[in-house]
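To keep things simple, chains are lettered A, B, C, D and E as they appear, and every chain counts its residues starting from 1.
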């Protein structure tokens, strides 16, 4: 008998996998983007099943609410679906790509099976730690003490990105001036 | 969901009720909007169908249902039909994550010949514990409905309207999110219940350089701790819901009707339901963060419960608990309605912005002020907590 | 966990209700003969002159990019706001203020740059 | 088919399987799709897959470090999407092309 | 201690804030504002470092002041803290860097007042200082490496500051690329040390050194590590064979040459060796290499300096030569003397560079000494300060250069790691230095004026000559902390007491030092008199009898040409390596190739072409193919790991 947590995992996992496959397979990039949204949301749910509620919320805000909106907006603004092949050509190349991915998946699966399958479930969290606020406060504490340097560097990175993205989008000509 | 059938059923019914409240509030709000606007413009408004024209909306709904279904020639079916459905979802999901009343406790009771264990119910669809983060996350999905509608109807005006709307939405989401940081800092939690609990009780109590002061005649509301944040939040929520004076996406003069140009019938109504849903979410957040949530100013929570149980309204403790919670729910609804009235009032008072003014307001005015509010609150909290 | 289940059920209810309304309204309404003039994209009655590929201002997408960046910066302030008073009460108020002060300084620098570079100006 | 009922109990390994599958899907997309924007989306997919395993491990080890990492990964992913899209759009505006093969001609 | 942490934070971040301030408004033309802010930032750093260093003094002195801000890396066995430390070694460096840095920033306000992008310049300069402080104060090799790379970057940016001139941009690139070679060596050294000791922290490395485990061979791990580190040092500190970038680096603004390419950055290599002195003492063979390379560089560069006509080039070669001295000191185990010379050299060389900057400024960007002469009456203050610098560098007591140079020479002669031949080279170099420096003085300030009619030299404004004056005072008194023992009657001087804890003595196992007061006086006398004789000679050549040098150059035509063309190093690479190879292959072609190998080579050629075209097909520019290689590589790697 599946417990509700197990059911949630299987359901959300299935949704994320199906729509993740949709991202790869849909010919129209707009549909790919919409599939991506659903994948993001179900991944947020999966974070929820792992008691990472704050991260789930951030996943919704950042990925589903910001990044993918940007994707959809760009696709709609520029109508980037000119007649072109969806997938790369070449039997050998595609064969190698598929084979490499398959081998990688197989090895990952085998490794996980050999290493972690003996651990049946998660230990239940202690009652105090189940409070989402407490967990988020822990996260905040380690973010602002242990990872304070990374945090400030992220600030610089975001500044650079903000400047760089605007500058990039300003470029009208190429590097080759009329000569 | 629950440990037995009763709890599961109650929880499901509760969610359905929240949704129905949202859907049912829409006709009332539309009626209110029309009546209030008529009142403001010295007209009558709809007053024929039913008393005060209250049935008018039912008639409208039936009329909408029987409209001719229209599908644009080059439209994309999935997106065209998905957009109105998608419009419903974020608002309702966010509303269900906000506590609408005090949680109540049911003692063990006998019903249908068996014992039903003690229950704790919350007046809310679900509680993740991180409250506001989930609400913000869910309501940020609102942009998809606009984009889907704009793209799905393959009309230039629709697309432009959708892009405008979503750009506006995301711009104001920044100010909206940032304006809440200050009040979160004050309350030191994400959970709505904790936030409301900290606003309960009468004298406004605050820490001023190590000494605790209180002002006896003011309720302990968030607005007094962070008035600037409240103002920015409220203004940004107007833009977030695409209401006047920020309803540029549907500026009739320029864009026909914005992203829902090609919509008619009930699908159009669903967009309106979504919009009103967002309004309700914003009002509910406003009430929760800055105006004490479901608590009653000048009245302690216990005295309400005492009044219910001793005043003879309900003798059984379970009914008393339920009734108390219902009273709090009504109080909350009243607060929400007040804010909704302000929405309507503003709509018929202020003219519409130009699009560049709108963007300037969002990025160059509200965002810096929200940032200023955050810094001010942080510095204030950091310094006022230590004695001089 | 039950909250997540409730959430998903609610999503189901909403989607089902929405779909039901759409189907209901499209099945109840009258279905006249297809009318080519009516099915044309509605452009205030004038026949469309430009194709759908007409150019749209790049500003929209620029706004979206800037939104992402600033949104993340704001998201970083949430855990900060949550733990701020804890730090203050344990006597590390200046530390946490400075840590976020640098971050906010960078935020402001970015914002000023965007304003100065006219990336946020729409009236051009 | 006899299935061990215990195997259906969700544990760390199930999350890791999910994560690797999603990762491989994203990888296939990156390897096989032609549209630059879709490739960027598939990279996001891969990052999401990694995030799942981060959170799963963090829950398993009962420490919040994994969550902090996910926070950072999300930031980086968003930054990458912003710059990637800015680049793609710049190229598109100039050459009306989003095919990844076209980017070969940008050299020199 | 909390206050120390704050002091360290201010010390490090003040230049960074200055960098941010000027970097953000990099288009501004307001040189005064940019310069004042930048100078103030460095001055704040100087004050902080003074406050920190003062804790090393007094009754309750501590051996070192340090702080740790956060954990930077924790990967497997590698644990790196973002920690900073001021001990007796870094104290001297930090004071020199911030102190001289302040003066040079101040000088730059005047020097760059007419430039187009002063804000950018000061931003780079401040960023350089930030990185230099990281390099000096970092408690581990990785932090030092970050600073090391950072100063390299700033050096590149500043050399190519006037990048519109393609020659100057090329000079920047040359410096950058040459430094990269050294950096690779440095990085390999770090890896070796981490492999050996499992840590990159200086104090931990030194604590984990095997007791008495001196490596006498050439292939011991510590020797290899030291040699790798020394490769890094030769790159940064412009030693043979990687010295070629430093003379070209003079393309940058003159204050940059003073700050980066004379006073601070180029001494980083010496500083690194001094930092790790117990390690180097474990590897005497590596020290021999250091000493020989140092002596060779000192001599070699000094002879090149004899013939240069560009005022900054002369100073540049002189810098290379003096850096050689410092390495010579380190190589003979006299680390304290090396650091002492770093300090005094920073004073007088910064002084001379700034003086030359003042001259160049006055001469409207003219750098050729042939067009100067007799500037004494136009630039009295510059001349006076330059004169003191000249006295210091040629080693006239009681000026700073005398004490440090004498200390090095005496240690070279007396230390068990030293050698008489090295001493002779050192004394010769001192003489040559004295000669070309006097030549520079004569050609620039004394003698007849050869200034073109249209230029009107003018004395620098106070903002430029005040730093000169301060540096002149420092060049005079800076050496008094290290007055030789014999002059003090056998008492240890202040410097030795200062370095007592942090500089390890040469181990007994390597031999005993010579202790002879008579010998020391004699050595001092020899070098001093040689320097004075050479100076007089130079004065005769260039002032009393100006036609003599030309005739000499005629007479020793070959030698002169050799030296004037910098020993034909570039030509040597062509003439002796590349051309003979071509000749030999032509001969081989005529006999062997046509008859025997042709057929084989055709086959081979086809094979190579086939391989090449196959390899070419891997580099299509097709990103997805590259991604495919990554995927395949990932699969193979995982297979190898999980096998």
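Things worth noting here:
As a convention for this text, contacts are C-beta pairs under 8 Å (C-beta built on N, C-alpha and C of every residue); 3 or more make two chains touch, one makes a residue touch a chain.
Keep in mind it's a predicted model, so treat the numbers as computed, not measured.
Touch-path distance (fewest steps) from chain B to chain C is 1.
Annotation of chain B and chain D: jointly contacted by A, C, touch as defined at the top. Farthest chain from chain E (centres taken as the mean of C-alpha atoms): B.
Taking A-C and C-D together, the chain pair joined by more C-beta contacts is A-C.
Averaged C-alpha coordinates put the centre of chain C at 21 Å from the centre of chain D. Distance between chain A and chain E, defined via averaged C-alpha coordinates, is recorded as 48 Å.
For this pair, chain A with chain B, the centres built from the Cα atoms lie 29 Å apart.
Separation between the centroids of chain A and chain D, computed from CA atoms only, is 5 Å. For chain C, the set of residues that touch two or more other chains comprises 2, 4-5, 7, 52, 56, 58, 60-61, 64-72, 75-76, 78, 80, 82, 86, 96, 107, 109, 113-114.
Counting partners per residue, chain A has 4-5, 48, 54, 58-59, 61-62, 65-67, 69-70, 73-74, 77-78, 88, 97, 101, 104, 108, 133, 136, 139, 143, 146, 148, 154, 158, 161, 165, 169 as the residues that reach two or more other chains.
Among the residues of chain E, those touching two or more other chains are numbered 624, 628, 631. On chain B, the positions that touch chain C within their shared complex are 1-2, 11-12, 15-16, 19, 64-70, 72-74, 81, 84-86, 88-89, 92-93, 96, 125-128, 133, 153-157, 159-160, 163-164, 166-167, 170-171, 173-174, 177-178, 181-182, 184-185, 188-190, 256, 261-262, 265-267, 270, 354-356, 359-360, 363-364, 367-368, 371, 374-375, 378-379, 381-383, 385-386. Partner chain C is touched in their complex by these residues of chain D: 71, 74-75, 78-79, 81-82, 85-86, 89, 93. Here chain E touches chain D in the complex through residues 620-624, 627-628, 631, going by the rule given at the top. Looking at the complex, you find that chain A touches chain C at residues 4-5, 7-8, 11, 45, 48-49, 54, 58, 61-62, 65-67, 69-70, 73-74, 77-79, 133, 136-137, 139-141, 143-144, 148, 151-152, 154-156, 158-159, 161-163, 165-166, 169. Every residue of chain A that touches chain E in the complex is listed here, in rising order: 88, 93, 96-97, 100-101, 103-104, 107-108, 110-111, 145-146, 148-149.
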